[in-house]
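Letters A, B, C and D mark the chains as written, and numbering starts fresh at 1 in each.
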Amino acid sequence: MPPAHPFDDDKLREECGVYGVIGLTDAANFVALGLHALQHRGQEAGGIVSHDARTGFHSAHRFGYVRDNFTKASLMETLPGTLAIGHVRYSTAGSKGQTAIRDVQPFFGEFSMGGAAIAHNGNITNAEALRRELIDRGSIFQSSSDSECIIHLMARSLQKTIPERMKDALRRVEGAFSVVAMTRTKLIGVRDPLGVRPLVLGRFGEGWVLSSETCALDIIGAELVREIEPGEMVQISPEKGVESFRPFEPRPSRFCIFEQVYFSRPDSILGGRSVYETRHQIGVELAREAPVEADLVCPVPDSGTPAAIGYAHESGIPFGMGIIRNQYVGRTFIEPTEQIRNMGVRLKLNVNRALIEGKRIVLVDDSVVRGTTSRKIKEMILDAGAKEVHFRIASPPTAWPCFYGVDTPEREKLLASHMNEDEMRDYLGVDSLRFISLDGLYRAVGEARGRNAACPQYCDACFSGDYPVAPSDMIDKGFQTKAAE
Amino acid sequence: MPPAHPFDDDKLREECGVYGVIGLTDAANFVALGLHALQHRGQEAGGIVSHDARTGFHSAHRFGYVRDNFTKASLMETLPGTLAIGHVRYSTAGSKGQTAIRDVQPFFGEFSMGGAAIAHNGNITNAEALRRELIDRGSIFQSSSDSECIIHLMARSLQKTIPERMKDALRRVEGAFSVVAMTRTKLIGVRDPLGVRPLVLGRFGEGWVLSSETCALDIIGAELVREIEPGEMVQISPEKGVESFRPFEPRPSRFCIFEQVYFSRPDSILGGRSVYETRHQIGVELAREAPVEADLVCPVPDSGTPAAIGYAHESGIPFGMGIIRNQYVGRTFIEPTEQIRNMGVRLKLNVNRALIEGKRIVLVDDSVVRGTTSRKIKEMILDAGAKEVHFRIASPPTAWPCFYGVDTPEREKLLASHMNEDEMRDYLGVDSLRFISLDGLYRAVGEARGRNAACPQYCDACFSGDYPVAPSDMIDKGFQTKAAE
Amino acid sequence: MPPAHPFDDDKLREECGVYGVIGLTDAANFVALGLHALQHRGQEAGGIVSHDARTGFHSAHRFGYVRDNFTKASLMETLPGTLAIGHVRYSTAGSKGQTAIRDVQPFFGEFSMGGAAIAHNGNITNAEALRRELIDRGSIFQSSSDSECIIHLMARSLQKTIPERMKDALRRVEGAFSVVAMTRTKLIGVRDPLGVRPLVLGRFGEGWVLSSETCALDIIGAELVREIEPGEMVQISPEKGVESFRPFEPRPSRFCIFEQVYFSRPDSILGGRSVYETRHQIGVELAREAPVEADLVCPVPDSGTPAAIGYAHESGIPFGMGIIRNQYVGRTFIEPTEQIRNMGVRLKLNVNRALIEGKRIVLVDDSVVRGTTSRKIKEMILDAGAKEVHFRIASPPTAWPCFYGVDTPEREKLLASHMNEDEMRDYLGVDSLRFISLDGLYRAVGEARGRNAACPQYCDACFSGDYPVAPSDMIDKGFQTKAAE
Amino acid sequence: MPPAHPFDDDKLREECGVYGVIGLTDAANFVALGLHALQHRGQEAGGIVSHDARTGFHSAHRFGYVRDNFTKASLMETLPGTLAIGHVRYSTAGSKGQTAIRDVQPFFGEFSMGGAAIAHNGNITNAEALRRELIDRGSIFQSSSDSECIIHLMARSLQKTIPERMKDALRRVEGAFSVVAMTRTKLIGVRDPLGVRPLVLGRFGEGWVLSSETCALDIIGAELVREIEPGEMVQISPEKGVESFRPFEPRPSRFCIFEQVYFSRPDSILGGRSVYETRHQIGVELAREAPVEADLVCPVPDSGTPAAIGYAHESGIPFGMGIIRNQYVGRTFIEPTEQIRNMGVRLKLNVNRALIEGKRIVLVDDSVVRGTTSRKIKEMILDAGAKEVHFRIASPPTAWPCFYGVDTPEREKLLASHMNEDEMRDYLGVDSLRFISLDGLYRAVGEARGRNAACPQYCDACFSGDYPVAPSDMIDKGFQTKAAE
């Protein structure tokens, strides 16, 4: 049973985390630890490929948590060597079905000059067109994953080395991607020209590490060297260290602002600044933009907590844990009779009634997607005797789907796609509802002057509908971008 | 692999939670939900016994989380009926080995007047003497559990009804126990004369519920009726409702004060008051007793959070999440090489470096047992650049083992059994270390005048060495009580 | 999924095999091998209890084949010591349901003078009366197994040693039983006064072995010493060797004749003679009693093979494998659509069409129980183009249920309980049907003068209705013996 | 744990069985039944691909027996449609390791004109050269299987239809192969020009069936239509029925003679004649060629049985089951101590001592490969007191490895590669040892004049070293054919 994030029923979900290690004995063990620290980026499945000078490439792909699979000595012993890469992933609609384990990265291919493995975080927006072209020319796909295109493009490249073949391949690819790859002797990292997804470089003793987030450097005690830059490709070997290349045309970067709001772990560092601090600051901005008279600021745990602390701090309203989460939540629970069918959210959350009763509550959550969970939480709070409920949301209204590696509902299912703030307030049935403004969010992440509309500093397509890379496959299927509306 | 509480390496562990339901269709489903809400009281295994008027008694006992076992329709369908009881448990040293599943409660016995099942939270302090006596007389034990004595004593009673037999049996038993039992037609609840372990009565529609804690009433939407009183036995049937009996000599009650500090869930109600509120108040008292100049109050998550909020509130020092826990922690993780052997606590916790750096930190934890985890946390905080570390502990020093249903290390392993506060501070290597005083704790739980030394209002043996029931099996084995020292 | 004998749909099923070893390092390994060789006597589950001088008793009980459980080093390492006993069993109706693993033997009990484990093959015909009596006096049963009575009777005995307590217990017990038991230092074997079930003594190096059949001595290379005699109890220790006792009143023995016909493996020795040879001789007798003109003698594989060879040899008709069995048969197979529902027997057996076509076939089977499989086999043979089908059955008509440890359908489901030979022939739709006579069977097993009606040499109740021990529990429930008819 | 043929330690092993069905509702259920009947051809793993008009292609690949996987409704429901193919396989050395499940057929590929699945029995002797060529051109292989070349060759073909692409592909392929493949609408069957491996066509109601052997037609009640001819390709659809093509240059056929001796099930029909009958006739020929004075003819069960019956019949020496096999044998068993290490064969076979003792025994086995099992059997027979042991082998000496889909030890491990009959007799330590002559075998299979040395009617390379297709990959690696010696 693939488990899931305890509160993701109504969350956007990051689809992947990537990790790579070179120059350390039993590199796969480090990769397992790193993937464990990146588990929040993908909980359905994980995979590791390692290379040992004597015995060659080895791999293991498993459904379920890293801790339940890649902790067994019997499995880890099958992944020897000083070079390894790994991947954690969510499922996406396309992969449900017959051959799902084949969709779990890293992917491996044998080329005439040797094998290579590749794992990627993001989404290739022209993958379907590429796939059709490759199939026409005789490539056979193992998976339904967009990532597999890259390895087929590499297989068909006429370049003589794997890094050169990778450059060839990635130049054909559109979208957002942070790639970690390996040959028999090199660890490779690439970020797309816009740098939509994160990727950082770390150092541990004689070894090098690539990771989606810095929290996965911390877990092994590695030191953060720097972020891989947008459009940069690094090739790392123990002999030559880190070599940097620029395979793409330079473009202004557009890092995903939702990484700041929700995806990244609060103890990670993005752009030199703690995610926790940024979220705390979002709460501060929100308190300034949307103050309210109230008795208690409560987070929707756990993701709303830093912003709630910030809101409480700025507003002077006391902070308290008015909602308690059950730490033992898994994906499913019995709902066998009509009688107990509708207790859904209670399996995960319980109200701290004594704290709530008779009070005016500010409830701070990170985002509203469909609004389904928000409604249930509001009911719990009111049932517990709250006098007023004021929702404060640490992101702007999520009105557009993401095509860059995040699992979003179809546009019409996003509450904000067809309601304004007042309509949403009425729909949720709360006393007030306020989202942080897009400019407020930009200020909170450190852009003192807010969003630069001419050339936005981040990818904020999910809020603004401004897609920095045209989602060509989706457009082929009839998706209407904002411009087209 | 039976999983464990993510942070219990150096915690005392409650050994059990009990739950019972009568008068509801598919009672076992409600019991499963209740046990899920009581999972923090016991995570190794769980069991449910149900009774169906047509098909009789049914049972299932499983290792692992409730959510992983008692959620499967295929299993729950084997537990029909409108009457059911259940149990979650930790392992204890004695049960490790060959027949462990036999140690999982509820226990079932057939008597001449019909069958009965019984589950208990607590510990029988004369169980070994009773067991020897029963074996001499020809009883055959299925398990190594102390609880099984009760059912053998019942089997041998000359009384004509099961409730009368239970009274007979419980009068022979010493120690702390909250019992939930069932016959074919009745749900039974008992608390020992001191009322050491909790047990509450709830109402849901036409049905009745017994539960260790109120949070497990909330999960099914049941209403709290009242606590079962110390020394009370209730017998519940749909026809006659709740009948109350007093099988024991009356004695002043001695509820476990550690339930307030750590065991119970913060959203439960004990003695009419929210556990969260009590813990918040412990933080307030601690701030008054042990103030310090500092820049940030951080909880050791998650159990230290309410007290930390209270401390921050009272002291005026800002509150922040300086330590972030990994939500995906399980029991084990690979530590295959010397190199990465010592990262233990990092798998569970990571420091929010940006928040900590350069600051004077007040770290609020609920208790110190062996001190092993506290040392590691201190190191993490210092490594992250904290200027000072001040530990504030929301309970008095834990200096004595518990014999009433809690898994405690041997006395000599308890840090406070052989060190005073200053020695512990030096051992832990922190700038200051302060525990709340016993009187301060009593005040925080609502006893305005503190502890009544002549007749303490709570069982606080783990702090005071004052054992309200002589632990006779342990004394037989040579344990020295405080009086004997 | 508990597997089953590939052809037992319409067979009587032995319910148990027992095995014990003393004086050999890693005795449990030998027991596992022995149980593997006795697997035909019980395929649902198995258990082993071992005793190690340093660490005491150990046990493991598992559903499924011996080879799938007791071959894993990880399990076998938990069963140390030089003394071990084991058991394989079929399920019986009574044990289906909630606590089935508790019904798997050996049973273990702790007595005041130490622990003992016991395993038994057979059936206690007054078990229900004993159970009621024991429950009235306060014993608590773990299982629904009749065997558990023995250990409770032992627990209540006032004797000072376990062997004496066992004598006490077995004197209260009626029925058929071959017991293998162990204390910390002794291996014990007992056969009931009639000696209904087999039990043999073997020697391997310095060690001793007890086994249901000699084929399980062969597998470890042990030497057959002798059969345990009816009514004998042996107590074996490395120091004193084999001590023999006679706890029961002497009675003429009545060994189960169906062991000769079907239950025992053909390579076992019963009463000094090979079972294969006996079955071959049954075929010879059958050819004399019921000759027929035909072209080919075919066994119903595999149990009918020796008798078929004997029939062919005596009659001069060629022998051939007209029916081929699939070696990969398990218990279940998909039958999801109406279309392929009725192919049941084809999953197990296929006709060797080329051999059968146009011939007059003598089909030799060991027994006819309900007749269901016989009808299907006849159809297969006719579909394959046989000109005539003559059934020859290597046992008399099975007209009465067994109460001595064999799983028999209720009497009315036995074809021979309500049809004579001609009626059965017509029901099966074959050209002729002949069973061996009871006297013929006695001659084949070596009783030259046939059955001694005054004092039959064997238990043949399933054929004759002459029950050597009154089945008192069944009579209480209304079963009509032949005398009562 | 992948199970294995109970007696294959020293047997040649067929590597595959194939099966396909079109035009029947729930075709995958029929395929599962067929694969169950073909389980003797491959026991490590199995796979099924189905196609449903509405939902497209579906597949499942599993390690273990068909009966343990493809019997579960939950799995079979995922394989809807009226068209399905399946495969059972042994492991081969090459596939051991990381991605073994990827080596399990059928393979599936998406081409520009739609998907196709393919399963094959046999071996492609130029697979490695083809693989190198394909990788050079950018194909990415999923497996280490030789079969995957076919689907890549198809993917790269410029033909417009899948059958045409398959012809293209198969013309590039050398070796022995019987292919079953499917598109969305057609079932396809092909045999290589020499027809080395079997493939038959059956009819069931409105549907069509392709199967490696006729016994797998019998299991579903299908009627044998005919064998697919060597070099023939059939394309089957419900609309057009069976269309036959001849894609290859015609050559004289060379069917594998070892299918007659051992691989095929005795109840299958090869070339219009029962395999059982052929093997019986081999026994007859052997008795003529190699008579001996003896008291009993015993088969080594089960594969030696038909020849033993034939030998007994022709020689007039009585036939008996002197060796009894344990029906519950799996792949592994505990051998944890030196003491019991060497009992290997006893776990599978036991001697029927009473039958053997004091007799001169003719032991009939199908083949001798390494000779290891033969030596152990001889010892068992002598230990049981046989006076003389005469081995009679139902095939000529196996002196050459097979490269056409059979797992053979390296040449130097074949006993007959470096010993003549007399040396083997001495090595095995028996009184006499005789193999049937190659001419005798040809006579037994129906070639009255024996082997046509100029143009042998069968592939008998394992006996003669006369390889009808040059094993080019092996020659590249240094294998010396007979001609080269």
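By our rule, contacts are C-beta pairs under 8 Å (C-beta built on N, C-alpha and C of every residue); 3 or more make two chains touch, one makes a residue touch a chain.
This one's a predicted model, so the numbers in the text were calculated from it and none came from an experiment.
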Target chain D, source chain B, minimum contact steps: 2
Any chain in contact with chain C as well as chain D: none
Inter-chain centre distance, chain B versus chain C - centres from mean C-alpha coordinates, in Å: 50
Centre distance in Å when chain A and chain C are each reduced to the mean of their C-alpha atoms: 62
Between chain B and chain A, distance of the C-alpha-averaged centres to the nearest whole Å: 37
Contacts with 2+ other chains: residues of chain D: none
Contact pairs between chains, per stated definition: A-B, A-D, B-C, C-D
Residues on chain A engaged by chain B in the complex (per definition of touch): 6, 25-26, 29-30, 32-33, 36-37, 39-40, 43, 65-68, 70-73, 76, 215, 218-221, 265-267, 269, 273-274, 276-277, 280, 302, 305-306, 309, 313, 318-321, 324, 326-330, 332-334, 336-337, 339-340, 343, 346-347, 350-355
Footprint of chain D on chain A - complex, ascending: 57-60, 78, 97-99, 101-102, 109-112, 132, 135-142, 151-152, 155-157
